[in-house]
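To start, the structure itself, in structure tokens.
Chain IDs A, B, C and D follow the sequence of writing; residue 1 opens each chain.
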Amino acid sequence: MSVLVTGETRVVVQGITGHQGTVHTRQMQLFGTHVVAGVTPGKAGTSVEGVPVFDSVQEAVDASRANASCIFVPAPFARDALIESVDAGIRLAVIVTEHIPFHDMLVMYHYAREKGARIIGPNCPGIASPGKAKVGIIPNVVFQPGRVGVISRSGTLTYEIVNGIKEHGLGQSTCIGLGGDPVIGTSFVDALPYFEQDPETDAVVMVGEIGGTAEEDAAEFIAHHFTKPVVAYIAGRSAPPGKRMGHAGAIITRGKGTAETKVAALEAAGAKVARFPYEIPDLVAGVLPTEAGR
Amino acid sequence: MVKLAEWRGKELFRRYGVPVPQGQVARSPDEAEELVRTGAVPLPCVVKAQVLAGGRGKGGAVRFANTPAEARAAAEATLGLDFKGETVKEILLEEKLAIGHEYYVSLTLDRNLRVPILIASAQGGVEIETVDDKAIDRQPVHPFPGLAAYEKRRAAKLFGLSGPTARSLDLLLDSLWRAFNQEDADLIEINPLALVGDRLIALDAKVVIEDDAVFRHPEYAEIRDDRTPLEEIAREKDIAFVQLSGNIGVIANGAGLTMATLDVLKEFGGDPGVFLDLGGTDDPKKVTEAFLLMAQAKPKAVFLNIFGGVTRCDTVATGLVEAMRQVPAADRFPLVARIRGNNEKEGIEILRAAGITATPGLKESAQAVVAAAQGRA
Amino acid sequence: MSVLVTGETRVVVQGITGHQGTVHTRQMQLFGTHVVAGVTPGKAGTSVEGVPVFDSVQEAVDASRANASCIFVPAPFARDALIESVDAGIRLAVIVTEHIPFHDMLVMYHYAREKGARIIGPNCPGIASPGKAKVGIIPNVVFQPGRVGVISRSGTLTYEIVNGIKEHGLGQSTCIGLGGDPVIGTSFVDALPYFEQDPETDAVVMVGEIGGTAEEDAAEFIAHHFTKPVVAYIAGRSAPPGKRMGHAGAIITRGKGTAETKVAALEAAGAKVARFPYEIPDLVAGVLPTEAGR
Amino acid sequence: MVKLAEWRGKELFRRYGVPVPQGQVARSPDEAEELVRTGAVPLPCVVKAQVLAGGRGKGGAVRFANTPAEARAAAEATLGLDFKGETVKEILLEEKLAIGHEYYVSLTLDRNLRVPILIASAQGGVEIETVDDKAIDRQPVHPFPGLAAYEKRRAAKLFGLSGPTARSLDLLLDSLWRAFNQEDADLIEINPLALVGDRLIALDAKVVIEDDAVFRHPEYAEIRDDRTPLEEIAREKDIAFVQLSGNIGVIANGAGLTMATLDVLKEFGGDPGVFLDLGGTDDPKKVTEAFLLMAQAKPKAVFLNIFGGVTRCDTVATGLVEAMRQVPAADRFPLVARIRGNNEKEGIEILRAAGITATPGLKESAQAVVAAAQGRA
């Protein structure tokens, strides 16, 4: 099993000939991922790190049977790249690209949803299952195979925490970096059911941030539908309130969205909440079934 | 975020067919007096300071005038005023209208539902967060079909409107919806939306354009006007930089790690004030630039917290050492570096060789930098 | 069971105060359907045939727990009516209204699809399960409870055929009139799986027409995924080719869409194809399991 | 369907930014000569009959002119011409262009996929159904995101275009997409789309507007121009009426039942020619009107086939009896009625009382009407 990616995952890299695309194609390969095709319009016939490049995702899929996409194309073209991958039949797209206008992402999200495709990101580190596959940019070095799932809204902080789990002698089943943009394809609530159903996951670490109500919603889900132990951390407990003009945003999340409401909701749902990142590994070790995941 | 001044918001409204009062912007008392004298702005009129902060009515930033001389006087009293930290450089002169009722309406993003949301209240003219939750109506609007007729009917019902006034609300909401999408807005807010006779008129305009969409709207690139000078320099160099009160500077990579660092510093009694997010860069030149920028903010101490995933710790260290060499003696600050991950050992070595304390422990380093800021190191 | 409607179906009638809405509310009631609410903006507080009328579908659903909608509103307002019902949580909408622009229907179809709602129609007679519920306008008199499913693209012809089944001494499990518009919410291929899974259906009568490739697609589905006997009829075998300007339409269905291709595909899939409507009942009786459905 | 004449299609193209040749419509030889003489249409020019049928090039409906006199001559030769049943009343005069290559592109609805579909071929200028299937590219376009950049790239690749020409295809396809949606089009077809230098120009324009959407486009209400006069009268009375060759008139309710009736009539050797669909009506007045219309089509015999579901058989019968009373003796026709369903017995009784044969059997009635039409009854 594992979550969303498996040993059968075959990745097409959209924007493979750019700097990031090329660097991370190599890293994905080193992780053991089947990177089967790349796409850059006008570059068909070339290759990057031994991976053949095509003009379109459809041509790439036809030639390589790719079933997941990793999108590195610049923000102005990301919307088109995602629609192209969905139309080519890809049902898992990791969008690494940052600075995509949320109006574009609204279209991408709902389009993918109608077509039954899952987006991770944008502006995210992606997904990785040690020993199986990685789609995205999480550093290979932080992983070792194990039974702890990680779901995070952060980037580098995720690496730090995943690495902490490894250094504690534990390993990860699957780690998903959701991305921190206003509109993301996969939220905590979307991701948790996969971990619930994954027989290779014994516990989940959830790394949240202040703002929005994604953590409160996750707590609600955990309370009613999640049976595995959860360790959570909320970054920004002591952050100053953002400068925000207009008050419409606050109206939506009224009475939610602060570190306090998130921590309280998660604790009420039975999660162990770490106050600092370095407390996480001990808490995880404490909730794991005896000897599991080591 | 690109926050438009009221007058710019109203120009945008005019383009999209949202009714606004007759009015014009002025930048001097002469100009203000002239606008009224020539009839470009009818009398009596309102003189409104063009600042982004709310509460202008109570704060003396809105005045009234019945004659050109009064308009000049109001302009003189307002221009140059310091309003909640903003200096008034522009004023908007507008016809004064006989208001029947004041409503509230806005469009913004609901991040959770992942759709825009139409917020309406029959209690307008006051800050919306002071309005009781039950008096506020929220309707998600799916971007595909767009604003639906039934949603507009619900707003009209909430406002108690019917007939031609309901019809004009209809047109107004359609205009807002088009503007929200075509201008890539983050927020469009009308508060108050005034009933004047049987017409609806936007008395105020708050429009925020999404930063990430400015590439589609080059006209907005020049009017981001809520940054400090250092933040502006940082933006030009494409470095995420936020300046608040507090005396510890934090340089980290990634927003989450920056926030976690802040949490840890506060835990140990620190008072972090400047945040600089290197993002994914490990270009030594960029690291140097970032540090020189930090030096200008004159922190008491600086905490460098890097987890090298994609970023390489050694190149960050190289950039840092170069920066410390360039910082003028007067601007020097105590520095604590905590670097982990990719090429960690090489990075620590480079820093130690340059006389900079570097450890891999977050807790210990945080304690060290707090002590340094408090003059205890 | 039965298909899509059950004894638990609770209908809200959108456009209940119009002539059609009122007439068919009464007919649905006489069929035994729970018509629990009506909607006509501006008419809240009134009632039609004892059914309370509301200004909006949300108010109707809140007050009546309606779970299906029957839409009679005029074509220019149908798009809004459907979106309103979907947004109010209705997951089955029968659109009786005719002359809805297909550009509107494209939006309605894909919106409902993203939200997991099913549309039947537009320009359709609706759905009925004798003894359970009817949402739409199929005449009550043609039904009697039984085990024959009917799926049809036609209107009156459906009534004729359903009535023929009754007069032959058989009865119907569920009858769906799909509607004949260019874009319909539910096609043969969409409807067949429900009948496959319905334990109360022993055989299905499929009434098609010339034009499009819906029948060919249904044949494909029947060949691979449908295990119950199918009797089909294709109307328009001898119809003259339509007057059509431009040839783009023909390009899409190239080599399909005629009565011949439809009949051939259905026969190849194992269906019995009637040459005339009056042949259907005998064919149905022939394919039914012994003594079933009588 | 509202089928636009070429010149109207090109006017629409101009509004949406699709490049078309410089040209104007004329309705007389004088007007044609004048357009060329004044330079409104440059020489040499093409003179094209404005008819809806295809195959104009081979059919002599397209001519060329190098002088004003030749333009007049071409106009004289074309105007008034009968082309595949249409009389030429308008001609389009256009600059003659030096064509590099001819492509095909169209947008229409894919009923099965339930999305619009972009059809393209590098083999333009010939009827698309003669082009090999493999040379035709079909791309479904989802209405929510709309036409995607990758779809436009695929079309450019198919056409072998790059650089500024590919860019102009991009803009052209965006324009077509906007026109298709905003005008509620059923079909927009450019054949040929010509490469002239490095520009793409629509040499022809086929635009069909969706009938059901005309309420949004009142400007199209007056230009439905492919109906027979009786069809036009039927439309005004809101009766579905189709007139073809054949001598049996069929009045039924519902398109499916009408087609099934046709099938049965043909089976028994009949030749049905006029179809009148009563739809859901049972208003006796409307039934009477329908019959009087049918009488004008002068059928040899008429078959009334009604299944009364919502419709009541007795009121249909009442309308029918009234109609037969009003039909002038000269226009009378043998009538066979087959009515089933709602109030069937009462209906049959009313008809029998008026001397009209009425049975509930489809097969028997069909045989009877065929016999009547063949003078055997």
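By definition in this document, contacts are C-beta pairs under 8 Å (C-beta built on N, C-alpha and C of every residue); 3 or more make two chains touch, one makes a residue touch a chain.
Not measured: the values here are computed from a predicted model.
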Notebook entry, point to check: Higher C-beta contact count, C-D or A-D?
Noted result: C-D
Item checked: Far-end chain from chain B, centres as C-alpha averages -> D
Next item on the list: Using mean C-alpha positions as chain centres, tell me how far chain A is from chain C in Å, no decimals.
Entry: 42
Note to self: Between chain C and chain D, what distance separates the C-alpha centroids? Give it in angstrom.
What the structure shows: 28
Margin query: I'd like the Å distance between the centres of chain B and chain D, where a centre is the mean of that chain's Cα atoms.
Written below: 56
Margin query: Distance between chain A and chain D based on Cα centroids, please, to the nearest Å.
Written below: 53
Notebook entry, point to check: What are the residue numbers in chain C that touch two or more other chains?
Noted result: 107, 110, 114
Item checked: chain B, residues touching no fewer than two other chains -> 142, 144
Check: Which positions of chain A touch chain D when the two form their complex?
Finding: 41, 55-57, 77, 79-81, 83-84, 87, 107-108, 110-111, 114
Margin query: Under the stated contact criterion, what part of chain B meets chain C in this complex?
Written below: 140, 142, 144-145, 148-150, 153-154, 157
Notebook entry, point to check: For the complex, which residues does chain C have touching chain D?
Noted result: 23, 75-76, 99-104, 106-107, 109-110, 125, 137-139, 141-142, 152-160, 163, 180, 182-183, 187, 207, 209-210, 212-214, 217, 233, 235-240, 243, 245-252, 254, 275-278
Checklist line | Complex contact set, residues of chain B against chain A | finding: 1, 3, 52, 54, 106-112, 114-117, 119, 127-129, 133, 136, 138, 142-144, 181, 184, 186-187, 189, 206, 208, 210, 212-213, 215-216, 226, 244, 252-257, 259-260, 262-264, 266-267, 307-311, 340-342, 362-363
Next item on the list: State the interface residues of chain A toward chain C in the complex, per the touch definition above.
Entry: 110, 113-114
